[in-house]
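The following block contains the structure, expressed as structure tokens.
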Amino acid sequence: MTTRFDPRDPDFEPRVRASFARQRAMQTIGAQIVRVEPGEVELALPFREDLTQQHGFLHAGIVTTLVDSACGYAALSVMDRESAVLSVEYKVNLLAPALGERMRAVGRVIKAGRTLVVCTGEVLAVTGDTESVVTLMQATMMAVRGRPALVD
Amino acid sequence: MTTRFDPRDPDFEPRVRASFARQRAMQTIGAQIVRVEPGEVELALPFREDLTQQHGFLHAGIVTTLVDSACGYAALSVMDRESAVLSVEYKVNLLAPALGERMRAVGRVIKAGRTLVVCTGEVLAVTGDTESVVTLMQATMMAVRGRPALVD
Amino acid sequence: MTTRFDPRDPDFEPRVRASFARQRAMQTIGAQIVRVEPGEVELALPFREDLTQQHGFLHAGIVTTLVDSACGYAALSVMDRESAVLSVEYKVNLLAPALGERMRAVGRVIKAGRTLVVCTGEVLAVTGDTESVVTLMQATMMAVRGRPALVD
Amino acid sequence: MTTRFDPRDPDFEPRVRASFARQRAMQTIGAQIVRVEPGEVELALPFREDLTQQHGFLHAGIVTTLVDSACGYAALSVMDRESAVLSVEYKVNLLAPALGERMRAVGRVIKAGRTLVVCTGEVLAVTGDTESVVTLMQATMMAVRGRPALVD
């Protein structure tokens, strides 16, 4: 179902990386940007005990934070230069406890409309050479134009 | 649509509060537990710039983290003593930027089955005397029994 | 959380009713329009065995069809005259088997933006004087303008 | 992300086909079962004008009905003989108008737990040799055991 996307802004990669660098929440949880392609962005998050829920797994919301950013930046990577990206809504299934040395979140654009961009995301828990899907996201992102306070 | 729920565990409130206190992620983001009733839990999160996305709003995932815990603990409040709570899945609509002095998240049980508990949640941005809904959640929580590593 | 909405089109009610009358699927399943208010629409569906799944309950998708129309028309009721309505996405929880003399679906607008309208919906199974919630929806609807083939 | 699944019931295919044949709603809308594999089921629906919404597209709810059955039977195909399948919840994105000679819905199991099975589904509109994705689903299905009224 994966489609290749032509970026509308040839400078999509530095734009995505610069916007990611402004997400203070990403720094606070320790997330890094791994890969930026047209319509696909990968982030990584080393496991940290101060981000866990009561049983010692990464909190579902923290995993969601990571994959929301992955999907949001996948969407931004195919938007024109005038657009900023906002999350409209998403749905997440927690398939397995988020336990591992680190999490790898991949966001992919499925449909890029002028205003709305639909993405899927997955989070994989990685330990050594092993990885397994722990979370699945289906998300709607929005291209916002003409609002000077919102720049990406 | 709100229904009163009879708690199956008379000690539901200290149990919810103790489990919340073990959520390291809640301490890391600075969330507090405000109110615990049978089938309804309220949390609060003062605004912090280190939890924002690139435009200066609270990151959608952080808002989700808060309301996921509110819904999860609303679900736990109506579960029997043998059950631990896990998030199965949720869907979130981001209605407006999460900007304000603090966020108030309320999770409510809509249907309490033996295994699955369905909740709705909302997050309100509060500034002075004004508050407005910024996020809406619909979530499925699961009662997990007989797994010694999972205790609530 | 319910908010009153001022309709942007004073003729919202006949417009909603006329569009509903053009939904051939509503006639096919036997749905009727019950009530149209600004931001709230109610539909009804008598139980029919030819709309059931394998255990004799109304098919989840048929219940979804009903509440999707209720939410879509709740959204249309607050849109301006130039807008047609399309469903962007929705999420549904099936709380209980859809069994009863008839289903009652209520769609409500929670947030009415210029382009996107967020709604919640519920379906109640009605038998005699008893009714209970069987389905919960959270939906995003879109106002489409300037596409002559799409008129509401 | 696709995983092969070993069926727990070697007779999974006739069981899925027999249950599908009992879904009266599938007959009413004219859906057919195309393919049954362990963890993957495909259905087809010829376009019919009496299943449309107000603009002449297949109603989003009818498309959902089709892909809900595809996901539900994908889930049943990996369940043990004692289990019946029920839809717990799903989320659907409507990517493009459902227009075409027929719709093709594919449901796939992503994670098969003992009680909950998570699936993704897509609906493709087919006209001649051309097809395109019009709908995306992420769904949670439940294995129900020990309830004599629920047999699959």
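All chains are identified by letter, namely A, B, C and D, in their written order; residue positions are counted from 1 within each chain.
Just so it is clear, a contact is a pair of C-beta atoms (placed from the backbone, for glycine too) under 8 Å apart; a residue touches a chain by one contact, two chains touch by 3 or more.
Remember, it's a predicted structure, so these values are computed and weren't measured experimentally.
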{"item": "Both-way neighbours, i.e. chains that touch chain D and touch chain C", "value": "A, B"}
{"item": "Whole-Å separation of chain centres (CA-atom averages), chain B against chain D", "value": "32"}
{"item": "Centre-of-Cα separation between chain C and chain B, whole angstrom", "value": "28"}
{"item": "Residues of chain D engaged with two or more neighbouring chains", "value": "88-89, 91, 93, 118, 140"}
{"item": "Overall pattern in which the protein chains touch one another (line/ring/star/complete/other)", "value": "complete"}
{"item": "Of chain D, residues touching chain B in the complex", "value": "88-89, 91, 115-116, 118, 140, 142"}
{"item": "Residue numbers on chain C that touch chain B, as the complex places them", "value": "1, 91, 93, 95-96, 110-111, 118, 120, 122, 133, 136, 138, 140"}
{"item": "Chain C contact footprint on chain D (complex, rising order)", "value": "19-20, 22-25, 27-28, 49-55, 58-62, 64-66, 68-69, 84, 86-94, 149-152"}
